[in-house]
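Next come two complexes, and both contain chain A; in the first it sits with chain B, in the second with chain C.
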Partner chain A sequence: MKSHLRRRAENKIMTGLMFLFAILTIIPLISIFAFVITKGVTSINLDFFTHLPKPVGEPGGGMANAIVGTLLLVSLACLWAIPVGILAGVYMVEFAGPRIASTIRFTADVLSGIPSIVIGVFAYSLMVLPMRSFSTISGAFALGFMLIPTVLRTTEEMIKLVPQTLREGALALGISRFKTTIHIVLSTTLPGIITGTLLGVARIAGETAPLLFTAFGNRVWSTNLFEPIAALPLQIFVYAISPFEDWQRQAWAGALVLIMMVFVLSVVSRSATKRKYSFS
Partner chain B sequence: MTNEIPFKKIWWEDPLFKSSTAFLAWFVFGLSVLLVFILGKFSLPSIAQFGLHFFSSTEWNPVTENFGALPFIYGTIVSSLIAILIAVPLSLGVALYLSELGPMWIRNPLNFLIELLAAIPSVIYGLWGIFVLVPFVRKYVEPFLSACFGFHPLFQGPMYGIGMLSAGIILSIMIIPTISSISREVFSLVPASLKEGAFAIGATRWEMIRLVMLPYGRSGVLGAVILGLGRALGETMAVTMVIGNRPDIAISLFAPAHTMSSVIANEFSEATTSLYAASLMEIGLALLVLTLALNILARMLVWSFYGKAKGTRA
Partner chain C sequence: MENDTIETEMTAEQTMTPSLEETRKVKMFTEDLKAYFGTFRALHGIDMRIFSNRATAIIGPSGCGKSTFIRCLNRMHEFVPGARTEGKVFLDEKDLFKKDIDLIEIRRSIGMVFQRPNPFPTLSIYDNVCAGLKLSGIKNKSFLNQAVEESLLKAALWEEVKDKLNHSGMSLSGGQQQRLCIARALAVKPEVILFDEPCSALDPISTGKVEELIHSLKENYTIVIVTHNMQQAARISDYTGYFYLGTLVEFGATKKIFTNPDKQETEDYITGRFG
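Up next, the complex of A and B:
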């Protein structure tokens, strides 16, 4: 039998150790932020937002095309993936039986665990090979495919919370299932769906691997949907592994811009659901 | 007033709505099946050429068209194991601190910070890895390990910084949020009556954790760890930027290595012959199967835990 004193000491030591672990976990985060901000701020300038990349050896230049490219890729991805995700989620809760619903839920869960590089290879085989060119739309397809599970599961979780009585009330007034879903079910849960979706969008905005063989990157200006397009994460990757100091400097600037985009999205998404849902 | 109701029913809108949502749900399902099918189809040439030998051969030679995936499988497994070894104690510590031990005022901010870790894009981890982590590992971590455990071949050899060890460390940082957030949720579901029972017979807080919370949440925590492992196996960009990308099996953790995802990222767009591309596809397929299996296992564990937690509560 251990003495009381020893047990209390053990308790104190373990509490301290857990605290130490928590601190250890935070250190990389602080380091990443410190470096991205200090190195990013000193290397960012107006040219970065307005100029195209310069050839090797020439100093200056920027990532204007990559910033626009990322915005375009992410918007296109949202354009197809958000409606698909929301409507598939609606089907799961409103129409499907329990067995079909759990099949779709399982698919979505499994899909969210597939490595992003595999999604990239899939999009390459499905779109780049038949079209014989790297393209914006294949990149947007890959990113959207990664977004779907998040949107689908969020929609499902949210509209499950809508009480059955609310639907029945609307249906009893002779309103169609379609309009009940749009005006009652979806509109009451919209903030929640927006939060989940924006978190997903923030995640795909920073993805690099699915774009390697789809959007591919482009050193010149292009917004053509059927041609390779530059993207911020791709440009950061290429510049980060390059041996040129000026490029490495710009990689940090790009990282700062990317991290700002991602965090603005996350913070906005959180503010959309400050209030918790309660239907009582 | 005639039939002027604002939501006039049109006879076809409900059937159309139902069938279009059904179509989209099955569309998602179909795309996922197509993904497996396409990867399988495109790796057929390599499967036909090398068979099972593909997974046991260490030769990777695009010039002679001899492809074996063992170095990449080895790299993926070892780097993920290092990540798990570091991440599990840290994440469990964080999860316990956040759910039991820490003072209330610190829990929410700390939790927010750890969630931020999950939001950082992989390529930024890689950038930080190249310029901050790798020099740190080369200057401090590797000399330290070699001084302490240098008698073992794992910790011998030249210290580049770039290599297996750095990849494992960066992976561990990336999977901590996954493991800790699920574990935290699992711990929060331990019934208060069980915890209070432990306190009532005089257990200290740590004894309560060790004897009640950890055993109760075992399957859930295991699920969280496997989910983290799945994430580590598939992670691409950060790893490829710090691991050195050399297709050799070296005993030393200080040596450069290669993983399944990093070889696809590096070589896929240069794969000129169809056999080369098919071999890379097959690696992708293997990676897919591996992560699918782990994910399914993890979900089953977490679900079974939630089922149990609900049962006890009712």
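Up next, the complex of A and C:
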């Protein structure tokens, strides 16, 4: 009888503890959201989205260049890193032998563990130094490296979930290995790959360190691929550590915009799981 | 009448190499076919004939190599990592294991239906049926429409799905899905169709429908069916091969195998004393 009561008590305590820790993991997210929103929402206005930064000392102005810059940097990074990641992932599961596959997997894991500042330095020495200029493309190059491991591992995990009988079903119809991979295997897993990829994209959108010596930041309007370009995380960094109160307020607004961008991407990625039943 | 010809044909000692004097045309045959998974040998030299426009059943206890055998017939066996084959498999005069053989062409001539229904989950019923055609580059709409209708009619599924061809293939019941897979195989116009325990995941009513279908397909196709179900083999096949531990113990007309087999082991298995 006593042991029964004791077991019940232990059970209650442990369940309570687990509940407590589950709550603890949600608190940071909620408090960051609340904090950024309350701080940022007051300084956000239409000017913030449409105007360039004003010279030091002059109040007002916005971060239009940084918003466009971030969108451009992230798009360019996606443009090269997503195809590379997906193709490498497909190759790994469908065509590579076990030894090559595990080498690629290990390399990707190491790459995803490399500090982002190191990737920035790498892109600096590989692109900025030879080109003698900070540039959009070197920033996109650095960001792409941060994205590849996520895309590759997501693709791998998703494709592994495709049952072997599906591949065999396609092959048995006389469909070539290549078309089976593209039209049957990839199309079956596409929603999962898109979800994982967009989460990765959301992550790189907020990266600051890789852009420090590549995109560098720019106070004026530029969409030139070979010149320095503004980016939200960089702008936030510069404004937040500045002594001007107006800049600090704008840093909060920038943070809010950045968080919203990431949030929208995550929501879109979740709803990308809708299926259609035809060849694309 | 029918039985007599089969009996005389089969009681003659099985020479195992196809002879032109055979009363029935041999569609496929294997010679000393061995299959391996890594170092494990799953088939120990199978010699077997498959007659044209007849259903050949392969029976035997689990793990005896039945599935491996038919997966060698369309070279699907090698798709498993580490798997390989030795010996010969012929389709008509074509040696399927020859180096320069076109795998895609073989698989078009030899269709396959799997144990579990495996419709392509992202495709509609329509696209499932014409996947083989579409993905080999056929774009002609009216040709595809006709192929889809024809194949679904032959698979006895047309009436049930004709109004929802753009629905997901996964929206069908298990039995319908399996007939969809049969329609899909028929659409590429094969000569031989391999069935790997096609009813083992189906309920009795669906099983009945699929069996009926297989029976009707014999007119135009050569059928090979692996089954665990002895009654099924007896009902739908003309010839039966009994496999045990990777060898073909006995092969003959189904009537003979089920009423008066030559080997004691075959009789033990069929009467349920073993396996």
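Everything below uses one rule, namely that the second predicted complex is superposed on the first by the 239 of 280 C-alpha atoms of A that agree within 3 Å, B and C clash if a C-alpha of one lies under 4 Å from a C-alpha of the other, contacts with A are read in each partner's own complex, and residues count from 1 in each chain.
Methods note: contacts are C-beta pairs under 8 Å (C-beta built on N, C-alpha and C of every residue); 3 or more make two chains touch, one makes a residue touch a chain.
Remember, predicted model here, so these are calculated numbers, not experimental data.
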Which of chain B and chain C A:S269 touches, first, second, both or neither: neither
Contacts of A:Q250 with chain B and chain C, given as first, second, both or neither: neither
Chain B versus chain C as contact partner of A:N65, first or second or both or neither: neither
First (chain B), second (chain C), both or neither touched by A:T165: second
Per-residue touch tally on chain A - higher for chain B or for chain C: B
First, second, both or neither for A:S176, with chain B first and chain C second: both
Touched partner set for A:I184, first chain B, second chain C, both or neither: second
Chain A positions touched by chain B in one structure and by chain C in the second: 173-176, 179, 183
Chain A - residues contacting chain C, complex: 98, 163, 165-176, 179-180, 183-184, 187-188, 190, 275-279
Interface residues, chain A side, partner chain B - complex: 7-8, 10-11, 14-15, 17-22, 24-26, 28-29, 31-32, 35-36, 83-85, 87-88, 90-92, 94-96, 100, 103-104, 106-111, 113-119, 121-122, 124-126, 145, 148, 152, 173-179, 181, 183, 202-203, 205-209, 212-213, 216, 233, 236-237, 240-241, 248, 251-252, 255, 258-259, 262-263, 266
Chain A-touching residues of chain B, taken from the complex the two chains share: 5, 7, 9-10, 13-14, 16-18, 20-22, 24-25, 27-29, 31-32, 34-35, 38-39, 42, 89-94, 96-98, 101-102, 110, 113-114, 116-117, 119-128, 130-132, 173, 176, 180, 204-207, 209, 227, 230-231, 233-237, 241, 261, 264-265, 268-269, 280-281, 284, 287-288, 291-292, 294-296, 299
Interface residues, chain C side, partner chain A - complex: 74, 76, 79, 81, 104-108, 111-112, 114-116, 118-124, 127, 131-132, 134-136, 166-169, 181, 184-185, 188
